[in-house]
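Down below are the structures I want you to see.
Two complexes, one shared chain (chain A), two partners (chain B, chain C).
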Partner chain A sequence: MSFQILINGISTGTVYALIAIGFALVFNILKFSNFSYGATMTASAFIAYFLVASKGWGLVPTLICSALAGALISLIGEFVGFRRILKNHSPSTYFFVSSITLGSLYEGLVTLKAGTNFYVYPNFFETPTIQLFQTVISKENIIMLVISVAALLALAFVIQKTSIGRAIRAVSFDRDTAQLMGINATLIIQAVFIISGIFGGLAGCFLGIKYTLTATMGSLVVKGFIASVIGGLGSLTGAVIGAMLLGIMEAIFLSTMGSGWATIASFAVMLVFLLIRPQGIAGSNVQEKA
Partner chain B sequence: MSHDVLLKVSGLCVNYGHIEALKDVNVEVRKGEICSIIGANGAGKSTFLKAVSALVKPLKGTIEFEGEELPKKPYKVVKKGVIHVPEGRRTFSGLTIEDNLLVGAYLSDKSKIREDLERQYDLFPILRERRNQFAGTLSGGEQQMLAVCRGLMSHPKILLLDEPSMGLAPIIVSQIYDIIQRIRESGITILLVEQNAKKALSICDYAYVLENGRIKLEGSGNDLLNSDDVRKAYLGG
Partner chain C sequence: MKKILAILMVLCMMTTVFAGGAAESGSSDSILIGILQDTTGATATLGLSVQKGVEDAIADINAAGGINGAEVKYIEYDTAGDVNTAIAAYIRAVTVDQVDFLFGPPIANIVSGLKATTASYDIPMITFAVDPTCYTDNNGNLYDYLFCAQPSTVVQGQIMAEFAMKNGFKNFGVFYTQDNSYSVSLLDPFVETVRANGGTLEDKNIIGYNSTETDINTLIQPIINAGVDAIYCPNYTAPLVLIKKACDSLGFKGAIITGLDGAPAFNTQVGADCSNVYYINNIDVYEEATAKAIEERCQNVGAPNKYFLGYDSMMMAAKVMGEVGTDGATVAQALETAEYTGLTGTIQMDPETHMPVLGTPMFMYKYDGTTPVMLEQYPAAN
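Now for the complex of A and B:
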């Protein structure tokens, strides 16, 4: 396996990790799958395209805009779609319907503005590649890698070492008891939606850079679902490991059998993996965290 | 209002749908005392504590603490110094013991946290030894101790304890009860809810008997221990 393929795989993997983590954080705290997450990524990426990238403002402002848009959309989604359902202790089918509806709504709004066309972020660098250890590597891949890793490390620090991180974990385990410790659970849930939205916005922007912007690009969220299932649903570390494996595997398949077969092959491997180890990599932690 | 009454609950009614869990309950807890509420399964004891800590919304009635009505949100009740240690311990099983204690100190002064932790570890040295292990690995008795210590981390004025002896061996129960007395001696008022009537009555200053959502009897711990009604119904004759 060449160095270049490995770098590509790792950089794709870290983007999948952002998707998986943003998804898993909300899953952990509300115990439901937020199916509007894919469309949140799409909408953020488009907002960043129209407001920033198309005006030629460069990569970093585009990323910041996309992350902020993701946070805002996610926060609104929590309020409109989930707050009441949670308060009334409604069955989880309501979350399902609510999140699918929200997702379709976001996607509809994007289609209204963008139609069914493809959009392409402008080239953010004059020379798009650099030479490293005798291989040509795209600068965008490196930037994605660095920013994703930084975001993941920052999150790990917050979750493990800070008071708000402990509160997030406490609410994820037992919301009522966490409130008895003086934690405002609603506020913590909002914070989680904001973090999830930031991750979704970053991931959406990265996907737009890697591929193209389309109204249906949110379907790539599936990669995040797969990664968090491989990792063990509910485990954040597991999700990152699962995402890296998926990214690297795809890169290898892509270089050996071409794009058509690569997708099929990676899904096949996932299915086999789930048959052998349905609890995911993180295994026994899962029950405690879910 | 007598001025050493810390917690005063008047005319409390709580319904779950059509189930009337509490009907016109009046309870007063005086500052510095151990007050207990005893009653059988389903009497409404936990519901009473949940109403005080705002986990459930009362249909009617007032809950006053230090002469003021308590807020309607659990985290705001905590800010007033009212800490509810729930039934079944409810420790955060996937957090370490130390993290459990730190969550308990969520609203406390962060500069004194080390001291507060050490105080809990002195109370139960086993927690110090195992502070970096997941709370889920503790035994039932140890988890109960952790739950109590977690509650103490926020320097409560009153501690609401829901069946701290549930499912524990007699020797562990005695340990927990010793600790409850020590906590009271440190100046914290205690409202203790129990099915274990004998234990609770023997340490409390004042007690209420809850039956089917109503207060059936009240009196000093000793009086109730010696009352025929209580003996027949709760102390096995």
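Now for the complex of A and C:
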């Protein structure tokens, strides 16, 4: 395997990791798969494109705008789509239906504004690449990697070392008991949705930079879902490891088998992996609602 | 319960009554044209451009007194870039609205899905898909009512190969979309012409990929590593942008040769130096009359070449209907040998292919930065 392919795989895996983390965070707390997450990514990336990037304001303002938009959309989604379902202790199917509906709504709104054409973020660097020995590395990929790692480390710090992180872990473990201990579970859930939205916004923006912006690009959330399943549903560390493995595995299969077979091989490996280790890499044993 | 049923029945009746209410209909003193285009979806830029061209031609025809005094009306239909939607819209156009003539989709995948349906209705349709297989069944027999008004992919592929060889490129790679009819149909003519002219194009440097793939860097890397002079990329605009970005990010210094989709607005969508990109086009944007027409008519047109094709096709159809009337079978028969000189040059239809004969002008361009530069006309102008 050439170093270049490894770099390509890591670059793809980095974006998958951001998707997977946002996905895993909500799953960790609420024990359901938030399928509106893909559309949240898309909507955030488009908002950043129209408000910031298209005006030539550069990469950092674009990322900040996308992250903030993601947080806001996610917070609204929590209030509109999940709050009452949670409070009513409704059947798990309701979460599934609600998240799918929210996702379709977001996608519809994006299509209404942006149409179904594709958009391209402006180039943020005059010289797009650097040469490292025999390997060419895109500056965008380096920035993506650095920011993703920084975001993941910041999240790990918040979860492990701060009072809000402890509260998140407590609510994740047992929401009712956490409430009896004086933790405001609703507030914590809101915080989780905000953090998840920030990661979604960053992932959406990176996807737009790496590929192109389309109203349906949220479908790539499937890759994040696969990564979090490989890593162990609900495990944040597992999600990152799963995402990196998936990105690298896809790059290797693409370079050795070509398009078409690579997709089949990736899914086949995942199925075999789940047969051997259904609990995922991290061995998390969280039961899903839907 | 009875009340609810009664309300539902009334609603159903109202829906039935009003559903077809918006349709125009042809009459003895008017001719009805259906414009069936991708006006939403990934190829909407192409469809909207064709649509605008046809609309403007109709406006000009009506301003000049119509076709033999008959006013030309039109109805627009959206394929949404989807075959099933296109078929449903086509059937509505020919059965409910009873159009006299149709202008079909701009891309091969949709026309391929639609072509068999056209055999059941005797309404002529000019489409803008350049893959010759869009006009024939599995046995190679032509569909009687399907036509195309621009040179086929066979001609375009050959022109691009000849141009590339003539301009000093010797060693090629090919990166095409293997699940796209247009892309696939441009492959063989290019490869065969390059090899026939002594160029180097190894099988290992011909890479097809599925349109769902996103990691273009990994896929195209073997071609770049092989040290080719040029990569031939007969793909749609969206994947072309990704390919250009991948080539730049991998440090590729050679040329990228694209089909029609490398024409503007590709350059603005890339938003960076496109000086290594060559493409083919139907029009010479610097020719005086064409430049004037672009300035006057194409301010909000994404793909001017498609606008011109739409305009010329409508004019050619009007000429034919002016000569033989609007009976579908008669119009289709006359279209087989029609000839029309318009904004895209002289279109002379070939009855053997239902596409223009060899000799319809095409133009090779490259970018200087992001500015298109016309390099050569094919066939050479006298």
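In this text, the second predicted complex is superposed on the first by the 281 of 290 C-alpha atoms of A that agree within 3 Å, B and C clash if a C-alpha of one lies under 4 Å from a C-alpha of the other, contacts with A are read in each partner's own complex, and residues count from 1 in each chain.
As a convention for this text, a contact is a pair of C-beta atoms (placed from the backbone, for glycine too) under 8 Å apart; a residue touches a chain by one contact, two chains touch by 3 or more.
Being a predicted model, the structure only gives us computed values, none of them experimental.
**Student:** Looking at A:212, would you say it contacts chain B, chain C, both, or neither? Reply first, second, both or neither.
**Tutor:** Second partner only.
**Student:** Check the contacts made with chain A and report whether chain B or chain C touches more of its residues.
**Tutor:** Counting residues of chain A touched by each partner, the higher count goes to C.
**Student:** Could you look at A:254 and tell me whether it touches chain B, chain C, both or neither (first, second, both, neither)?
**Tutor:** second
**Student:** Does the superposition put A:131 against chain B (first), chain C (second), both, or neither?
**Tutor:** Touch partner of A:131: chain C, not chain B.
**Student:** Kindly classify A:120 by the partners it touches after superposition: chain B alone (first), chain C alone (second), both, or neither?
**Tutor:** So A:120 only meets chain C here.
**Student:** Identify the partner contact of A:263: answer first if only chain B is touched, second if only chain C is, both if each is, neither if none is.
**Tutor:** A:263 sits against chain C, while chain B stays out of touch.
**Student:** Figure out whether A:184 sits in contact with chain B (first) or chain C (second), or with both, or with neither.
**Tutor:** First partner only, chain B.
**Student:** Which holds for A:173: it touches chain B only (first), chain C only (second), both, or neither?
**Tutor:** Once the two structures are laid over each other on A, A:173 reaches chain B alone.
**Student:** Could you look at A:149 and tell me whether it touches chain B, chain C, both or neither (first, second, both, neither)?
**Tutor:** A:149 sits against neither chain B nor chain C.
**Student:** Across the two complexes, what residues of chain A are contacted by chain B and by chain C?
**Tutor:** Residues common to the chain A contacts of chain C and of chain B do not exist here, since the sets are disjoint.
**Student:** Would you tell me which residues of chain B are touching chain A in their complex?
**Tutor:** So the residues of chain B touching chain A come out as 53, 55, 73-75, 78-79, 83-86, 90, 92-95, 99, 102-104, 106-107, 110, 134, 136, 150, 154.
**Student:** Could you please specify the touching residues of chain C with respect to chain A in the complex?
**Tutor:** Touching chain A: residues 40-42, 44-45, 80-81, 178, 207-210, 212-215, 217-219, 221-222, 238, 241-242, 248-251, 269-272 of chain C.
**Student:** Show me the residue ranges of chain A that touch chain B in the complex, using the header's touch definition.
**Tutor:** Residues in contact with chain B: 163, 166-167, 169-170, 173-174, 176-185, 285, 288-289.
**Student:** How about chain A: which of its residues touch chain C in the complex?
**Tutor:** Residues 4-5, 8-9, 11-12, 115-118, 120, 122-123, 128-129, 131, 136, 138, 140-141, 210-212, 214, 220, 250-251, 254-255, 258-260, 262-263.
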